[in-house]
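Starting off with a structure, shown below.
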Amino acid sequence: MATPTDPDSTAATVDAINDMVRSEFPGSRNFCHELGPGYAISRLEASGGDLRPGGFISGPTQFGAADAALWFATFVGLGRMESMALTSELSIRFLRPAIGSVLYARADIDIVTRRSVVGTVRLWCDDEVDRPTATAQGTYAIPLPR
Amino acid sequence: MATPTDPDSTAATVDAINDMVRSEFPGSRNFCHELGPGYAISRLEASGGDLRPGGFISGPTQFGAADAALWFATFVGLGRMESMALTSELSIRFLRPAIGSVLYARADIDIVTRRSVVGTVRLWCDDEVDRPTATAQGTYAIPLPR
Amino acid sequence: MATPTDPDSTAATVDAINDMVRSEFPGSRNFCHELGPGYAISRLEASGGDLRPGGFISGPTQFGAADAALWFATFVGLGRMESMALTSELSIRFLRPAIGSVLYARADIDIVTRRSVVGTVRLWCDDEVDRPTATAQGTYAIPLPR
Amino acid sequence: MATPTDPDSTAATVDAINDMVRSEFPGSRNFCHELGPGYAISRLEASGGDLRPGGFISGPTQFGAADAALWFATFVGLGRMESMALTSELSIRFLRPAIGSVLYARADIDIVTRRSVVGTVRLWCDDEVDRPTATAQGTYAIPLPR
């Protein structure tokens, strides 16, 4: 039975998600920025290791942001944090150079079923929400009951 | 030089697109239903060959609809019909059974560059626009100047 | 309980698969051509409706072939026919014009789990196995026990 | 005209690629491990930041490895290093937990055209080449002449 300290028993809020990211995934730098009905937005402050020559935020860093946003949106879709939800597949298309200091990713849920959550993700830098740097779609698998 | 009868010199309208589909792709049953800024909607009347046991519209039929909608949206993005634009890649996720008599696909453009158009597509049956049967993303390659 | 006439109780052989395709999916023209350890090959005789101007086999027809080959490979992976296995996602990249009278697709299984089968597919025309016309990857979802 | 110090004028060898990675992408930890006709293998030594709870190598780290291997394979396909080749799209499927200290990715080229290179990638840990942790396909765009 879930206890009060089981993060998966907790409703998904921005603070609860970020507490979980910090405690369980200390290496992650993608934090939850905003949640709403059917969507989540992640936020990453770009640092040196994320950058390619010319100051572009790298593809793998953008993939990581898309993956994090879709994970947060999965919590929204399920109505609870489910830290064992795992990416089963994700495809990403890079649209233009990602130049900026903050990388955002917004994941909108396409469907929630018993076994998975599918969503569509758009990424942008700083306040250039209308100039997406990448677009992605993917699937999180929900753990099955034993 | 383009002449008045070259379809690629024609502005992309619903009628112009459907004339081109009928004349150049007589086997296609996906027609243009609606165009707007940055998007296109295709429409297909499902027939026997599209159906799987249980009356579901098949995956390949849905793929074909997504592909057609993205092709029409490519015309919108380019501002002209470009019949030699070709799909370079497309990924599709099936969300729920596609049950209905008419299949719609709406493609929204993510970017238009010199070499390609990228877009995101959602599909639904009849008037159930809020119950997508599939979601897709893909790329059309624009012919390069020789 | 499975009865002798339940196709899903039948071992996956080329003939058993093609009998099932003919009886349950009479609209399908992709037949099983070859099975082996961890792979399946489908075969389609192209007809007028599959062709684009210039005699190219269309993208949706190629998608359908990739989807069929992966479905047959799923039977190989599971060791039984599982007609209710459904495509959950498939991405395809078109490599060169598909010109020929017979379209083949070979699906190699990447993994079989309790919930899904993932595979990689290559397509070619006639005997040009070394000139692939498309490459794809995708996932079939296995029905969960109730 | 290319000068002797232009890395893009250099034939693609393991050493030349790794020199280029170190000088131009000092943040990258994916190095070239092996090259052969039509393929490249990358190698990454996993460190703390790559790991998820349970010691799994993270999805974004695996994406980065797939992306690097496909970049190296692009050099093989082009017959030269082309540091401005950029990922245009990549889709990845995660197959099983990635547990190990070294992550390998092997990219096999599906096609090389004037505008892009398409390839298929498999990833594994340590010496478990037959237990892939992920499978991917993607496209690198080749810079067009001005």
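Note that the chains are named A, B, C and D in the order they appear, and that numbering of residues resets to 1 at the start of each chain.
Operating definition for what follows: contacts are C-beta pairs under 8 Å (C-beta built on N, C-alpha and C of every residue); 3 or more make two chains touch, one makes a residue touch a chain.
Quick caveat: nothing in here was measured; it's all calculated off a predicted structure.
Asks: Greatest Cα-centroid separation from chain C: which chain?
Replies: Computed centres place A farthest from chain C.
Asks: C-D or B-D: which has the larger count of contacting C-beta pairs?
Replies: Most contacts of the two pairs: C-D.
Asks: Express in whole angstrom the distance between the two chain centres, defined as the mean CA positions of chain C and chain D.
Replies: Here chain C and chain D have centroids separated by 29 Å.
Asks: So the centre of each chain is just the mean of its C-alpha atoms; given that, what is the distance between chain B and chain C in Å?
Replies: Averaging C-alpha atoms per chain gives centres 24 Å apart.
Asks: Taking each chain's centre as its mean C-alpha position, how far apart are chain B and chain D in Å?
Replies: Centre separation, chain B to chain D: 33 Å.
Asks: For chain B, jot down the residues that touch at least 2 other chains.
Replies: 88-89, 91, 93, 139
Asks: Can you name the residues of chain A that touch chain C in the complex?
Replies: For chain A paired with chain C, touching residues are 88-89, 91, 114-116, 139, 141, 144.
Asks: Where on chain C is chain B touching in the complex?
Replies: It comes out as residues 24-25, 27, 48-53, 58-61, 63-64, 67, 86-94.
Asks: What does chain C use to touch chain D in their complex?
Replies: Residues in contact with chain D: 91, 93, 95-96, 110-111, 113, 118, 120, 122, 132, 135-137, 139.
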